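Per-chain residue numbering starts at 1, and chain names A, B, C and D are given in the order in which the chains are listed.
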Amino acid sequence: MKRVDPAVPAGNVAELLANMSNTGFQGRKLGESLDIWSRMIEDESCTILLGLSGAMIPAGMQEIIRELVKRRYIDVLVSTGANMFHDTCEHLDVHHYLGHHHVDDVDLFSKGIDRIYDVFAYEKEFRTIDSAISGFAGELSPYTGSSRDFTGRLGRWLSEKNPSGKSVLSECAKSGVPVFIPALCDSSIGIGLLMARRKGVSTFVDQIADVDEITKIVESSERTGVIYVGGGVPKNFIQQTQVIASIHNAGNDGHHYAIQYTTDSPHWGGLSGCTFEEAISWGKETPDCRNVQCFCDATIALPVVVSGLVSAGVQRKKVPDVMNMI
Amino acid sequence: MKRVDPAVPAGNVAELLANMSNTGFQGRKLGESLDIWSRMIEDESCTILLGLSGAMIPAGMQEIIRELVKRRYIDVLVSTGANMFHDTCEHLDVHHYLGHHHVDDVDLFSKGIDRIYDVFAYEKEFRTIDSAISGFAGELSPYTGSSRDFTGRLGRWLSEKNPSGKSVLSECAKSGVPVFIPALCDSSIGIGLLMARRKGVSTFVDQIADVDEITKIVESSERTGVIYVGGGVPKNFIQQTQVIASIHNAGNDGHHYAIQYTTDSPHWGGLSGCTFEEAISWGKETPDCRNVQCFCDATIALPVVVSGLVSAGVQRKKVPDVMNMI
Amino acid sequence: MKRVDPAVPAGNVAELLANMSNTGFQGRKLGESLDIWSRMIEDESCTILLGLSGAMIPAGMQEIIRELVKRRYIDVLVSTGANMFHDTCEHLDVHHYLGHHHVDDVDLFSKGIDRIYDVFAYEKEFRTIDSAISGFAGELSPYTGSSRDFTGRLGRWLSEKNPSGKSVLSECAKSGVPVFIPALCDSSIGIGLLMARRKGVSTFVDQIADVDEITKIVESSERTGVIYVGGGVPKNFIQQTQVIASIHNAGNDGHHYAIQYTTDSPHWGGLSGCTFEEAISWGKETPDCRNVQCFCDATIALPVVVSGLVSAGVQRKKVPDVMNMI
Amino acid sequence: MKRVDPAVPAGNVAELLANMSNTGFQGRKLGESLDIWSRMIEDESCTILLGLSGAMIPAGMQEIIRELVKRRYIDVLVSTGANMFHDTCEHLDVHHYLGHHHVDDVDLFSKGIDRIYDVFAYEKEFRTIDSAISGFAGELSPYTGSSRDFTGRLGRWLSEKNPSGKSVLSECAKSGVPVFIPALCDSSIGIGLLMARRKGVSTFVDQIADVDEITKIVESSERTGVIYVGGGVPKNFIQQTQVIASIHNAGNDGHHYAIQYTTDSPHWGGLSGCTFEEAISWGKETPDCRNVQCFCDATIALPVVVSGLVSAGVQRKKVPDVMNMI
């Protein structure tokens, strides 16, 4: 057996994570995840899908995600609607603020401040973005399309509307990274769309098309790697593509690489926290899949691991043209 | 101050929960939740919405949920797609089995057994239900409607297809309890719908209509009470109705009663685990909302609390006609 | 395979737990724990050890624990010092109060109120008990003995001091159930003992004697069953007895029954949350040990399961004379 | 309000943590903890106490802790017995190995391999260390002293026994950092001591002296800062010093700085997971204490934050002579 090699303090993040991968518990898992992600990036036949749950944009993860897109450390993004709503806010100069988690919320309500754990924001400002999205839907009308098509248009519209603004959506639109939001209407984007609908705007978001499109990407890929930030709909939506591909005899045999950063636990029985071992029983991951599940808040794991990837200088060798797989 | 009154063992569940409500920590919260749910049921002006996440049907919660519908302890159900898929399976005699959580999953895969923590099922049997749903979509075609409309039709179809079968869906259809599945295609129901789509069947599930319909129910209710089993899309989807109602000046001022049973934690910052205090800052709950968040696996909390409601003989005084609010 | 049998609401706790044992996830585990505990009680060759962590007495679990002792559902108690301090308080009419977990703690401090999550108490009153314990040590002086001997004397002293008072300690003293507190001085009992020491009182608590005595009980028992409420020192202290017995070739081969109610998780790597499978690798449990780890707050699990034992009328057949094993 | 400033990937750990302290959720807390720890180190009037729980040495944290001692980023160590036992093992060339958490433990048992989550070790080798400790006790005999005195002697003995070996204990002995183990006998050190006792060796570990000594250090310090790695006995043992100092009117008013890295949660009501706000109600921390509780596995938090301290070049200005305070 190989000895545990105690971690030594290191100034460089990549070096530190390499140290940690020879220790135990979740520190070891975090270190291993850097190695697995690096392998995905360096595998020329691999398409990389990222599932993004949790209030990551309010919590300051926007630049980290944008970096992943720019460096093409990911090829497909599946997100909650909320993350892309808050991303839209930031692009349009509606911001999030450093608050505190132990406060008087009735007082905040009276001041029009919304709280997301220790992050604050102004409800009034959010409503201007709800309206902006409603307005954008009006411009598109009549519209029917997948959420992936919708978010691509939204990303381009944001770049036009505020060329100096920054967002994951606009970066994805620019980089050819499709963004799926399977539960689009379960978010303030949905609120904006309902505002438009109630005004008579004709917009339909075709959720079956979403399943079709993402499955086509998986079916067209020789290998796939998945990274789950949290669980929820984004995780299941990516996981189920392998089951669908199998039903349609597409020649896939499960995701080949898999990473999850989560604060959920397997013993609650839900899909969000389940192990990749469990997923293997379903054929969602291959039996010999390189995988790691690291129990850690993503606001720690993401900055640390992405800094590790960047500082290690990991380079994508071949970028799959996912937009042409749809 | 009122003294902690040590819990005394009691044979009757309702009595035990009453005892527990005078203790501390999560036992106290569980006891308090019985009291708050009872108040919702006895409030003649209250519409009760249940959000259902987690693999509750595979875990044997079908009868508990059916009882809630039959006794009309709830008026609206918002669920993950998976729960209603597994509910459909049970109705059509495809069952779930007692397994174990610590097994060799590669071995299970080779035997065609899917694992959900300590519950097993046959993949082959699940695929017959995927096909049945695809077939049902074919019968409906051409179809455009909300998930609520779709699940109503599915519930009635199940009763016709297998009159001796039991399901939450068929019970809801019979009892006039609408079932919303905001992320319908993120589930095996979605898999069935895609199978149909790829065969050329014309089915569209209109997610914006879902937001519209559930918001109308909330807007038409004098007061609302919410119960969240887990978090995820069902929790947020119900929570956001109050924000939408506020934007449309519908006269609502937040949910009046709120219960959550969850294994998530507030400190991860996500919506699933956030406190009702946080929700008050957003106006989702009223500042004086009677609420309790109980940190407990729902497979414990639900059977215990629902047994408490039943054994206490809590009676609904007036059932709101929610189908007519849509 | 045996089918999952959906839980049906039941008024009787024992019946409900039996239902739950045929479901999934932690509800199933809770149900299984009733069965395993019942088997321990009915096994005539089994000595039952309970490890008690967490602020169980402040949280209103005193009567539940007393019932376990009175009915002799347990034979040995290993506790944190804090639990037995708060138990002493209750016996001497210093009580705990229903508070709230979301308050201004600086304000509480200024009012002399100590908070234990949602339980309040008066610091001033606690200090009278610190002094009482210091006084009791003075009466004993000069004293050297194990914590087990010390708590036995404390239990008897409490009965004399306040004959109408109730405590786990006095009940254990009366029932011949030894109480070990391996980290006695890490608690307000330790504070009282230090107060005495600083006044010149001669008191020594011999922690090596504790290890010796509890190991002798295990070595003298044909079989042992363990129940862990939480983890911490009480769990490890009981677990390690089997390793010690093995080193001394006492003929033991691990605990034969094992239950843990915990809110910790295996993936953090600590002893508190580790699985009984892990314990088997160490020889702490037998390879064929009947065991269950249930992830649930003990303020829920204990009242429910103990009510189940009581309402099922489980009877101890033969009570081991543990005091004579020391 | 100050805006959330999205974290940007950074190669240097200290820079990355500074970025993270302007984000949200636990990433922000981790960043803040670097700042608070730096302040403790730079405060010339501050004595720094570290509480160490969890299987940190098996998990490869030995070098990190040794670095803290060498650089005198801490002045007092309070540990579980297990950590110092495994530290002793490493010093005497008995090592820990990289294993896996999902294995057949009955098979491991048959091979004499002990598992600590994903770390393996040989039971036979551990028993040689149990015997070595028993032998060391024999050399000391007759002995009565605090665990602090005992660990000091053990540390020096290790250096003599294996001069090329490395351990936290020997480093602490060399650096004048006292090591308290309040529950010494709840560990394999206790097993070794019992082996000696049963052979007639006269050894007494005086736990009341431990409380006295650590309280004297706190009473002699102008200010104190605390860092808790996990909870358990080490946390409470350090926390209670302020209560004891208050009872003895020593002029203290609570710890002035406080950090906890934990995977426990406040809502379970135990001391391990309770907030520093709760502690303020008890007077354990000052009302204006600079504190942060970061929910993160210590095998992630410790390497990252200690690397941050080291790479930022934080320097202790004035080292308190804690050995002379006892």
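The working rule: a residue touches a chain if its C-beta (ideal position, glycine included) is under 8 Å from a C-beta of that chain, and two chains touch if they have at least 3 such contacts.
Keep in mind that this is a model prediction, so the values were computed, not measured.
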| item | value |
| --- | --- |
| Chains in simultaneous contact with subunit C and subunit D | A, B |
| Chain pair showing more contacts of the two, A-C and A-D | A-D |
| Homomeric contact subunit B-subunit C: same or different residue positions, threshold half | same |
| Whole-Å gap between the CA centroids of subunit A and subunit B | 26 |
| Geometric centre distance via CA averages, subunit D-subunit A, whole Å | 37 |
| Rounded Å distance between subunit A and subunit C, as computed from the means of their C-alpha atoms | 45 |
| Two or more partner chains touched - positions in subunit B | 24-26, 55, 58-59, 102, 116-119, 265, 267-269, 277, 295, 297, 299 |
| Residues of subunit C defined as touching subunit A within the complex | 24-26, 102, 265, 267-269, 295 |
| Footprint of subunit D on subunit C - complex, ascending | 53-55, 58-59, 82, 101, 105-106, 108-109, 113-119, 123, 127, 130, 182-188, 190-191, 193-195, 197-198, 203-212, 215, 230, 232-233, 236-237, 240, 243-244, 247-248, 263-272, 274, 277-278, 280-283, 287, 297, 299 |
| List of subunit B residues in touch with subunit C within their complex | 1-14, 16, 19-20, 22-28, 30, 55, 58-64, 67, 95-99, 102, 116-120, 275, 277, 295-297, 299-304, 306-307, 309-311 |
